[in-house]
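A, B, C and D are the chain letters, set down in written order, and residue numbers restart from 1 in every chain.
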Amino acid sequence: MTVKIGVIGTGMIGRDHARRINQVLAGGKIVALSDVNRASAEAVKADIAPDAVVFDTGEELIASPEVEAVLVTSWGATHEQYVLAAIAAGKPCFCEKPLATTAEGAKRIVDAEVAQGKRLVQVGFMRRYDAGYVALKEAVQSHTGAPIMVHAAHRNPTVPEQYITPMAIHDTLIHEIDVFRWLLDDDYVSARVIFPRKAARSHGKLRDPQVVILETAKGVVIDVEIFVNCHYGYDIQCEVVGEDGVARLPEPMAIQMRLGAKLQNRILTDWKDRFVASYDVELDDFLKAAAQGTASGPSSWDGYVAAITSDACVVAQEKEGEAVAISLPARPALYN
Amino acid sequence: MTVKIGVIGTGMIGRDHARRINQVLAGGKIVALSDVNRASAEAVKADIAPDAVVFDTGEELIASPEVEAVLVTSWGATHEQYVLAAIAAGKPCFCEKPLATTAEGAKRIVDAEVAQGKRLVQVGFMRRYDAGYVALKEAVQSHTGAPIMVHAAHRNPTVPEQYITPMAIHDTLIHEIDVFRWLLDDDYVSARVIFPRKAARSHGKLRDPQVVILETAKGVVIDVEIFVNCHYGYDIQCEVVGEDGVARLPEPMAIQMRLGAKLQNRILTDWKDRFVASYDVELDDFLKAAAQGTASGPSSWDGYVAAITSDACVVAQEKEGEAVAISLPARPALYN
Amino acid sequence: MTVKIGVIGTGMIGRDHARRINQVLAGGKIVALSDVNRASAEAVKADIAPDAVVFDTGEELIASPEVEAVLVTSWGATHEQYVLAAIAAGKPCFCEKPLATTAEGAKRIVDAEVAQGKRLVQVGFMRRYDAGYVALKEAVQSHTGAPIMVHAAHRNPTVPEQYITPMAIHDTLIHEIDVFRWLLDDDYVSARVIFPRKAARSHGKLRDPQVVILETAKGVVIDVEIFVNCHYGYDIQCEVVGEDGVARLPEPMAIQMRLGAKLQNRILTDWKDRFVASYDVELDDFLKAAAQGTASGPSSWDGYVAAITSDACVVAQEKEGEAVAISLPARPALYN
Amino acid sequence: MTVKIGVIGTGMIGRDHARRINQVLAGGKIVALSDVNRASAEAVKADIAPDAVVFDTGEELIASPEVEAVLVTSWGATHEQYVLAAIAAGKPCFCEKPLATTAEGAKRIVDAEVAQGKRLVQVGFMRRYDAGYVALKEAVQSHTGAPIMVHAAHRNPTVPEQYITPMAIHDTLIHEIDVFRWLLDDDYVSARVIFPRKAARSHGKLRDPQVVILETAKGVVIDVEIFVNCHYGYDIQCEVVGEDGVARLPEPMAIQMRLGAKLQNRILTDWKDRFVASYDVELDDFLKAAAQGTASGPSSWDGYVAAITSDACVVAQEKEGEAVAISLPARPALYN
C-alpha cells in the first residue's frame, strides 16, 4: 500500500524528504504540502510532487482527509504545535530534530502520545539508521561483551560566528546523546564538561573544543570530544570498550589511494554527506510503520530524554568540570 | 510516473527483483508475472504483487498492453527469445546474466536492438552500480592517471561438484570481464590463463585456482586470480595502477573489533551479501530509463562483448599459457 | 670507545640489559656485577659476562675504578641509594623505574645531581625510544599543529591479585605520565579520575577500568583509559588532536591475514613484547652519553616529576571525580 | 668474542657496514680496510675505525693474520676474486650483491666453497632479515596453509637514464627472486614477462612497467609487477595466497594522520629507508656465524641460483610472453 503523506515545511530538508518519498522509496506519495513561504511549497509541487495540494497552514494539511501521515520539517520552533496536532488527528508523524525547543514542550508531546495510547511520532535521529552504527550495535551485542566505556569524537571543520558554546550541545552532541542511549540500551545519570585550551580557529563566543563525559545508569563512562573547528574534516568516531573486547565505528567508505608519497583515503568535509544514506532508511521505516497506522524508531520519549540530557550538558558547560546529575521521570509503558 | 513492469521468471532472482520494484524503489509497479512453473508466479503475486496478472507465457506477458517494461529473470537458455520479443515490442527490458547462452545469440539481440534504433536492453551486470566500483572509477579518472595495470582477485570459499573449469569464466570471471571494460573504458585484445598447482580443496573436474591475464586495446595488462576454493571467504579485490598512483577497491564495510588477541574485521562468505545494495541501484537506473521508453547501463553490446571475451578465455584455459586473441566487430553507433 | 659497565641487580631486567650490552650493542662491556643474591650475579657472569668481577655490594661495585658507568636494576626500594652513590662517584648511571619509591627520594637525587653540576642519571622510561612514539612526536611537531587533546588507552589482558588500585597509577599509568610530558613538551597541572562500573574480571581489591584526565600547563586535556583486565590483549593507544589535524600511534607491526572469514592482525598479549626494541635504543643512548661522561634521555627531573604526578593521581583516585592540583617546584637549569 | 673484520671496498655501502660493525653491533671490530681509492679507506679509518690497518689490496687484507672475517663491498666486478680468495683462506666472507657478475662466476664460488667443505659465504640479500618478511614467512608456515600464488609489486618512483630494461631484473627483481625462494622454500622452473603499454614517464631505453610471472617446482605461480617510474613512492608489496588463507607483507611503520580532508600515512620514496633495519640484522647474523668460523643466511648457492634465474628472466623479457625454462644443477649437500 502507498501511504499518502503531507509535508509541513518545504525548506532544504523538507524538499529532500519529499524527493525521497516520491522518487526514491516505495510505499509513500506526497499528497499535500505547506510552508510559511507558500512559494517554497509550490516549487516542491512543481519539481517533485505534481499531484500534491498546497495548504495554507500546517493545521489545515493535518486536517485534510487525504493526508494519512505527516512530515514535520518546518522551523524548529513550530515542531511542537504540528506534532501535537498530528497526534490529536491520530496520524503518524515524522518530526525532524528537535522534537520541541524545550524539554517541557517535548514532555507535552510525550503526554499527548501516551494519552492517545499508541506510538505516532518518529523523531529524525537518523544515526540509528546508519549502517555503521547498526553494525556497531550488533558487534557490541554479539561480540564485545557488556559495554564499560565509550570513546567518541564529533569533529567539524569549521562553524559560523553564530554557533556559540551551548550549540555544541544542542546542535552537535545531540546526535551522540541519542545514538549512544540506543547503542547501549541505557540512560544517562550525569554529565560533565572539561574544556581544553581554546583552539586558535575558534571564534570569540565559542569555547571549542570540549570534552563531555557522560555516565549511564549501568555505569558506562562515555567521553565525547566535540571539536567544531578541527579544520581537517567532518569526522565521527566511536569506540565501545566491553568486557571482552573493543568495537569501532567504521570509517565512511573511501578509495585507498597511493599518491604523492601518501597512502590516503579521503575524509568527508560536509556533514550532509556523512549520514546521507540513513535518511532513506529512516523514512522507509516511517513509511512501513505509517502503513500500519503507527510509528517506530526514535520516539517522542527519546526526543524528550535527549532534551533533558542536553539541558544538563549545557549546565555542565557552565559548571566546568563538575558532574551535573540527570534525572528522568519514569518511562511510560508505551516506550518499553 | 510509475512504470508498469512484467516479470518473466519468478525464481529466486525474479522474486527478489519483484520485491525491489514493489517494496523498495519508487517509480515502478509489478503488473504482470509469468513463469514456466505457474505456481511460482502465483506465489509472487500473493506475497509481493497482489495487483499483478499472471500470464501463461512470457510472450503473452510482453504482448500485454498493460506491460510497459519487462524483467527477464527466467532460466538462462530462454533469455534470448524473451529479450528479442521485448525489443520487437519496443519495450524496455532488463535481462539478467547471461544475455544469451552464446555469443551468436547475443549478436542477434544486438542486431535487433540496432534495427530498432534505440537502447531497449539493460543487462544485469550489477557491479557497475556498486558504490565501491563507482568510487574506484572516479578515483581512476580523477587521481591515478591513465591506467596501466590492474591486479584483481575473485575468491569464493567453495563450489559444488558441478562447477567445472569453464564455469570459472562463464559464472565467475564474467563479472570482472564486464566491470573492467567499464572501469577502464577499454576493450580486450587477448586472454591468457596460467594454472598454479591445483588447490587441495578443488574437486576432480576443476582446475582451481587460475590466473587470467587480459590485455586491452589501450595496452593495460590485467591479472585476475580466480580461486573458488579459497576457503576463508568471498573476497573481491581490485587494484588499478596508473601513471601517477594506485587505487584500490574498498573492503566491504565491517566493524573493526579487538577480540581474543586479534584486530579483526569480518570477511563475507556469501556472494549474495557482497553486491546486494547494487541490485537496488541497477533497477532504479532501469526504472528511470524505462520511464523515458529506453534503457541505460550495461547494454546488449556489453553483453555480447562479454560473451566473446568469455569464449576466448575458455579457449585460453585449454591452451594454457598461450595468448588467445580477442577480436570484436565494429561497435554500432548506438552504443557509443 | 667501549664503556665499562657495572650492573647492580641481576634479576630478569638486569640480566637482559647485561645481554644487550655484551651481545647486542656496540660501545659497552659488562665488567662488574652485583646482586643481593650472589648466585644470580654469578650466573650472569657465567652466561653473558665471563670477564666481569662479582662484587658483594652495589657500593663496592660503584667504587671500583674499573667501573665507568652503572646500571641500577635492583629491587626498586634500593634504587635511590645506588643512584646517589653513583652520582657521588661522578659516574653515569642508568636507573630502571622507579627512580625512587617516593617523590622525596627522587628529589634527593635531583638535588645531588644538580649539586654535581651535570647530568649523570638516565631513568628507564623506554617509551621515549619507541619508534612509534618518536614518529608520533615528529608528526605532532611537523604536521598536526599545536596539541589540544590526547586520547589514550593502556590495556592489559589481566593482572594478578596483588595488583591493587593505586598500582594502576604507579605501575601502569607511569609510562603515559612520562611519555606524554615528553611528547607534548609540557607539564601537568591537574589530575582527575573517573571510574566506570567495575569490569566483571576485575578482582575484589581493584577498581578497573578507570579514566584518568590530566590537564597540562599549556591547556591540553589528556584522557587515558586504564583497563588491566581488558582480556583481549596488551594494547597501547594514543591519539593527539592538534590545531590542524590528528596523529595516532601506529599499531605494532603485524601480518594482515585473511583467514576463517576474518581480516585479521595479531594483537600482542605480553607487555614485554610491545616495547622490546626500545630497550636496545635507550641503552645505546646511555652508552653514547656515558662515553662522554654524562647522561641524556629521561632525567632525574623527569623521574621526580613522574613521582609527583603519580602521587597526585592516586589522590585523585581517592577523590573520585575531583580535579587534584599538581604543582611542581621550579625546574633546575640543568634540566632545560 | 669479538670477530676481527676486514672491509674490502669502502664506498657508500662499505663505509655504512663498517659503521654498523664498530658503532652499532656487538661482536665485531674493523681491523683492516682496503679500497682501490686508498683515500676512501683512510677516511673510513679516520671517521669510524681508528685502529684499522689500511691495506693496498684486498688480497693482502685477506691474507693478514689479523683479519678473521671479510666484508666484500667493492665494485661488483671484483666480488668473485675476493670471495674466492677468502674461501681459499678459510675465512668467513660477507659479500654484497651480486655474488658475481655471471652465473658461471657464482658457480666457481659455489664449487670452491663446496671443496672447502663448509659454509664460508653470506650474500647480502638483506630482505630475508626484514622483520616484515620474517613475520610473513612465519604466517605462511603457521597459518595460511601451503602457498599456491604470490602477488607482488616492486615500485620505485623514478630511475636514471642509464637504467635499461634488463636492469629491472638484475638490479630490481633480484631481491624478489631471492626472497621468494626463501619465503616459499622452493625453486623456480620458468619465467615469463608481459609488458603493458609503456608508462609515460619511462625513458626511451626502458620498457616500464613489466609483469614477471615465475612458476616454482611446487607449482606456485608468482606475479611480480616491476614499475620503476611509478612516481608516487618506493613501495614493496607481497601477498601470499595459501590453501587456507592469505597473508600480506606489512606496510612500513608510519603515523596515521588526519589532515586536510585525508586520512593519510606517509609512503617512503627512497629505497634506502625501506630495509635499513635489516642491514643491522644481516650483519649481526654474519658476526655470530663468523665467530664460529662459518657463515649462515643467504649462501653462495642462493647467489648462484639468483644469477641463473635472473638470466632466464632477461631472456624472458626478450621472448615477451613466452615461458622460459629455468633449470638448476643438483644442489650440493652443503646447502641443504
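Quick note on the criterion: a contact is a pair of C-beta atoms (placed from the backbone, for glycine too) under 8 Å apart; a residue touches a chain by one contact, two chains touch by 3 or more.
In UniProt terms, the chains line up like this: A, B, C, D = Inositol 2-dehydrogenase.
Everything numeric in this text was worked out from a predicted model, so none of it was measured.
C-beta contact counts were set side by side for B-C and B-D; B-D has more.
Of all chains, the one whose Cα centroid sits at the greatest distance from that of chain A (Inositol 2-dehydrogenase) is D. Measuring from the averaged C-alpha position of chain C (Inositol 2-dehydrogenase) to that of chain D (Inositol 2-dehydrogenase) gives a distance of 38 Å.
Chain B (Inositol 2-dehydrogenase) and chain D (Inositol 2-dehydrogenase) have Cα centroids separated by 45 Å.
Distance between chain centres (mean CA atoms), chain B (Inositol 2-dehydrogenase) to chain C (Inositol 2-dehydrogenase): 58 Å. For chain D (Inositol 2-dehydrogenase), residues that reach two or more other chains under the stated contact definition are 232, 244-246, 254, 258-260. Residues of chain B (Inositol 2-dehydrogenase) that touch chain C (Inositol 2-dehydrogenase) in their complex: 232-233, 235, 251, 254, 258-269. By the touch rule above, chain A (Inositol 2-dehydrogenase) contacts chain C (Inositol 2-dehydrogenase) in their complex via residues 145-146, 148-149, 151, 153, 192, 194-201, 209, 211, 213, 215, 218-221, 223, 225, 227, 230-232, 241, 243-246, 321, 323. By the touch rule above, chain C (Inositol 2-dehydrogenase) contacts chain D (Inositol 2-dehydrogenase) in their complex via residues 21-27, 131-132, 135-136, 138-139, 143-144, 244-250, 253-260, 284.
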